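Pasting the structures here.
In the two complexes that follow, chain A is the common piece, with chain B as its partner first and chain C second.
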Partner chain A sequence: MTAYLARRFLLSLLTLWVIITLTFVLMHAIPGDPFMSEARISPQAMENLRRYYGLDRPLLVQYGRYLANLARGDLGRSLRSEVRDINQIIADGLPISALLGAEALIVAVLGGITLGVLAALGHNRVPDYLSMGTAIVGISVPGFILATLLIDVFAVRLGILPVATWGTWKHTVMPAFSLALAPLAYLARLTRSSMLEELGQDYVKAAVARGLSRPRVIVGHALRNALLPVITVLGPLTAGILTGSFIIEYIFGIPGIGKIFVLSISDRDYPLILSGAVVYSVLLLATNFLVDVAYSLVDPRIRVLGRAR
Partner chain B sequence: MSTRGGVALSLTILLVGVLIATGVRDSALGAPVRQVLRMNLETGEPATLDPAKIDNRAAGTVAKQLFEGLTRLDQNGNVIPGVAERWTVSGDGKVYTFILRRNARWSNGDPVTAHDFVYSYLRLLGPKFGAPLVDNLFFLVNAEGFNGGKVSDPAQVGVRAVDDFTVEIRLHTPAAFFLKLLSFFSVMPVNQKAEQQSPRWMNEAATFVSNGPFRLTQWVHEQRIVLERNPNYWARDRVRLDAIEFTMVASRATAYQLFQTGQLDVVFPPPELTGLIAEKRVLVRPQARTFFIRFNNKVAPFTNVNIRKAFSLAINREAITRRIFQGGQLPLRGFIPHGLSSGTGEFRRQAGDLYKDNDRVRAREHLQQGLRELGLNALPELTMRASSAEIFTKIAQAVQAQWKQALNVTVRIELMEPRALTAAVRSKNYVMAPFNTGADYDDAFNLVTQFMSDDFFNFTNYANAEYDRLIRAAAVETNAQRRTQLMIDAEKILIQQDMAIAPLYTGTEVILQNPKLKNVYRYPVAEDDVRDAFFEP
Partner chain C sequence: MSVERAHETLDPPAEVFRPRAHGPAAKTVVVAPGRRREIVRRLGQNRLAVAGFWIIVALVFMAIIGPSLVPYAYDEQNLLEANEPPSGRHWFGTDDFGRDVFARTWTGARISLFVGFTAAFLDLVVGVVYGGISGYVGGTTDDVMMRVVDLLYGLPHLLSTVLFMVVLGPGLFTIIVAMVATGWLGMARLVRGQILQLKELEYVQAAHALGIPSRRVLARHLIPNAMGPILVNLTLTVPAAIFTEAALSFLGLGVPLPLASWGTMTAQSLVTILTGDTWRLFFPAFFISLTMFAFNAFGDGLRDALDPRLRR
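Showing the complex of A and B:
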């Protein structure tokens, strides 16, 4: 168990190092730099700025410095703020994105699985068509259309929810829903197909033949196995949704981290680009680990912790 | 307590409670209405509110309300006294002596002194400080050398405190626009004492010290900046706004919805809402920014002046502004944008039109002549690099179609990520590209230098000795009329004679504003000024 965890941790560190190195190489390979805007900043001022931000150093030195600081837990200084360092920017923005993401995730998982199960149980009948109709709308309507539409109806016309910005739980309703719709639809379709497959299996027929109650067969047997593919996608989905969405944060004026990470690329804000990659990777590695643990809980044949029987 | 008194008391408490709960700001009870201006920073969180470190307009607008320089601008853009009560200029236009008003105060109560200005200007010019707009002060004697580390003694720089309330500034060449430039946010003073007490004073409302009409009272990062009237400001009696609240919503559609629901007083509506302009519900203001097609003058076929003229004259600017953008943009028949000053008036009015828009007949003649000169029968397919930002993509597609129709030339568009395009243009690695250039201060001179043959920003590869001579002469000319004429003559060479670029239009700013809000001063170049703004009852 301890050996497994240690091995897994070291492997994660190695993965993280590879990601940072690749990101570092890639971001410096894109043409343009942070101060190369259309504004006519004088060459001398530009040189001073590059020196101020340490960008005049050789790339290898910059790379080494970043890794050394990272090891101490210091993500460095962003070019977007003289006031806050990156640790602070993330400390401010990540909880907001994560809260919104968690709300959206709950809606997406509960809604998606429910819709998927209903669709599978009512296969090729009205519940199926209704669920999958909803799912198709959810996948095909872009978040920004839905968001703008929601604002127009619930905030501008009905006036029951705030238009945008951040503050109370009411501010989270529309963004969380907009954020949840696409993954909800995806999860619904996934649950449906995997549920249909399980429902046709012999063990389900056997359970029914043994006289087990319908809810017991569906929830206790079929759904439990049908959830395996769903759990697989939950890892990346969680990491993605918790780190915020550019478009939703942009439209609702939410001070989250998703918008900041995306803008860092077009701004060539090198330290922030790297930090975005680090935060996202750490979350992804962590959620993937949790997914592996969850497998073993759902399916005893899969053993992650401890020895297989 | 009698029952009647008890009822009255309960009613009062209830009423007050209701008023507080509903946030009623109305003066039903005769209480004064708090005047709060709610604006939006669509470019988001300012990287800093230290005026010397700001490089963008949004943060500049906030700083403009917080600080006050030696001069200010009135509503027509004329220079009026700021911290300086009066000034004198020497006969050669190189030495400015400013007498500061004795009652100017920092928000912490300290007097604003000449030493504050000297300290602030030297701080801005410091080689390690990293001020992005530092070249605004390069007109001062030895300023550029000090910034570049070649002059190490700050006493050599052309700014000094003659006494506590007299600042003397020495320029190396006369600059007609210098007084206007001193109202710009980047040259606002900062409080020396505050900086010595805490070098990071500018990072929090609690330690923030400023000398303008407003002071910083709240800064919630990525969300909100709140300014309140500065009780120590020397002209506090004329400030009628109690507070300014800046929200940070990036989406114009959302900001417009916030405006519709009464939560913002000033917004830039989404460009798709062209109907607002037709219904005259918005203010359309020219910005001193020229949109144009850059030709690389050293790459064939744009080495040939007739080819450049053919491409420029074939463009239908009226169609681009009226039918494609519909944002009130003004078609340009010269390089200097509308609204920018020459020092003696509006440059564009004085210089007039340098060509006819959509002149297809002439365009075809120039094309034929150009082809003969190049020894070609027809032009090969040309590649135009364009930024993937929507505005430039639209320009590229429009001119591509117009050139095909008018000249039967095929142009391929290569879209590039905005900064990648800028990098390509800067390294002169392009044939032609839509671009834009805007003035940093209200004088045409600011834009004309970028076509001098040895200028760093001459990405067009334009070279004309006569043009260089005229601009050099304008730079040192003290007579304002002659200086204007020199710049007008230079523009004629650049455009009428050489057509180094194809100017398109002057950019505009479309503003939707609460109709009760009055006296917001806007300028083609400088940031908005709300010192005198107020809401009509």
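Showing the complex of A and C:
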């Protein structure tokens, strides 16, 4: 297993390097440089600005410097933002995004698995139709549409939830739900089909025949195994919630890194865009790696295979 | 990852040639043309899938004729008739520039469907060629090609698309390029998995023994037989691409104005939440959701119809 995880870890590092390099090259492939539009700058000031940001150096030197700074954990300086230090910008935004993301993930996982189990137990009856109806809505309605509808109903018409500010738990309800619905729907469908499969297995019948109680069979036997495929998709789902936060934070005016990233794009603040991409990639690769670890801990087959290698 | 995994566990079309000893699939073992009819029959029994199919047909039809049903162009402004609710003159009302929302909605449908189908088609072409070669040649080539895919697969889709849009600038074709740049990876993995399973079968060996060139074996035997899961993946790629376009346009990174995209129409209707003209929000929101529903329902139905074991 250690060998397997070591390989996964190396692959993640390599992917990160590819992402950083690609993003760096992409950002520098854009014609012109960030100061071109500021016309009223004297040539000398322009020269100084370019030197300050290291733009006068050859690309390879800039790249080497960038990597060296990244390795030290220094993300560089933003071009436009009032707070110039990108580390500070990320440090301000990340806890907010993390809180929102964690809330959405918890809602999605608990809600999705509960709905899925209920649907499987009430197969082809009312609970099944209700859960799958929710799942269909969740997959059909994009997060940003749901967010706008929620704002319209709960903030404007009913006036019971606040919008466009950030502070108390009330502010997190609508954004977290908008972020959670799509993964919740996906998890509900996945849990349902995987649960149905397990409930039809011989070992479940054997457990029932041994006289185990129904909850014990369902939770202790069937659900345990049914959750295996659910764990595999946690990586991609977290990725979905992370990238979904671009739009949701933008709509709700939440000062997290998603909104910062979107604004950096419309500001053409290249160092900030680059750092945003790096931060997101690190988060995603870390999640995927953790999911791999979790999966190999839960599924004995991977443990065995890993050892055999 | 999840979607691919689900597809990989699909029945290989091999069941046509290898009758299963027991289980529900046993009675579906028939020759290829009959199997196709069987799939269509199973698809027809799935009410959601049928609904999805007819909604797709209706959407395509309206995207073609919709904009020409009204005497207004999608970008024709009339500030005297701004923000009108739906009426006999303007069936879906007008927006804040007095543009006809009916014309804009179906122009938006053209864009959404065009982006969806083109991105899916390009994913298919790149993915089938790449995955096909990787799976068929095998060995070191396969190893190297798949490591490249693994590396790029770590990139989050929306993130890489956004970055490509930053570099390429806004526009319909750059959206498609940006989406395909990473979208083909899933298809390549899927096709490779299918080819790996199929190429060990007797009829492929027989084809080789008869001296049929590799390219022909790949094009005539392997790819067509791997078509089922590929088709499912394709059907599910369309709504994903439509969603990405709408999301990008919503953020202002998608198609430039005054072109009507459902994403920009939603974004521009956001202010109406405060002014009270919320019906303007209704049309783009409803049609995006309807389109997503239709393609997802049809794609799911297709997957179930191809693999009877998943149906209960």
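Note that in this section the second predicted complex is superposed on the first by the 239 of 309 C-alpha atoms of A that agree within 3 Å, B and C clash if a C-alpha of one lies under 4 Å from a C-alpha of the other, contacts with A are read in each partner's own complex, and residues count from 1 in each chain.
In this text, contacts are C-beta pairs under 8 Å (C-beta built on N, C-alpha and C of every residue); 3 or more make two chains touch, one makes a residue touch a chain.
Keep in mind that this is a model prediction, so the values were computed, not measured.
Once the two complexes are overlaid on the shared chain, A:266 sits against chain B and chain C alike. Of the two partner chains placed around the shared chain by superposition, neither chain B nor chain C is touched by A:4. Look at A:152: by the touch rule set out above, it reaches both chain B and chain C.
Using the contact criterion defined above for the overlaid structures, shared-chain residue A:233 touches chain C, although it does not reach chain B.
In the superposed model, A:255 lies in contact with chain B only, and not with chain C. In the superposition on chain A, contact of A:242 is made with chain C only, not with chain B.
After overlaying the two complexes on the shared chain, residue contacts for A:203 are found with neither chain B nor chain C.
In the overlay built on the shared chain, the residue A:14 is in contact with chain C alone; chain B does not reach it. The contact surfaces that chain B and chain C form on chain A in the two complexes overlap at residues 30, 148, 151-152, 156, 250-251, 266, 268. Across the complex, chain A is touched by residues 1-2, 5, 48, 150-152, 154-159, 162-164, 166-167, 243, 246-247, 250-253, 266, 269-270, 273-274, 278, 281, 285, 288-290, 292-293, 296-297, 310, 312 of chain C. Chain A makes touch with chain C in their complex at residues 11-12, 14-16, 18-19, 23, 26-27, 29-30, 123, 136, 139-142, 144-145, 148-149, 151-152, 156, 186, 190, 193, 196, 229, 232-233, 235-236, 239, 242-244, 246-247, 250-251, 262, 265-266, 268, 273, 277, 280-281, 284-285, 288.
By the touch rule above, chain B contacts chain A in their complex via residues 45, 47-48, 50, 53, 55, 127-135, 138, 144, 147-148, 202-203, 221-223, 247-251, 253-254, 257-258, 260-261, 263, 417-420, 422-424, 426, 435-437, 440, 450, 456-457. Within the complex formed with chain B, the residues of chain A that make contact are 30-33, 35-45, 48-49, 51-53, 79-84, 89, 92-93, 148, 151-152, 155-156, 159, 163-166, 250-253, 255, 259-260, 266, 268.
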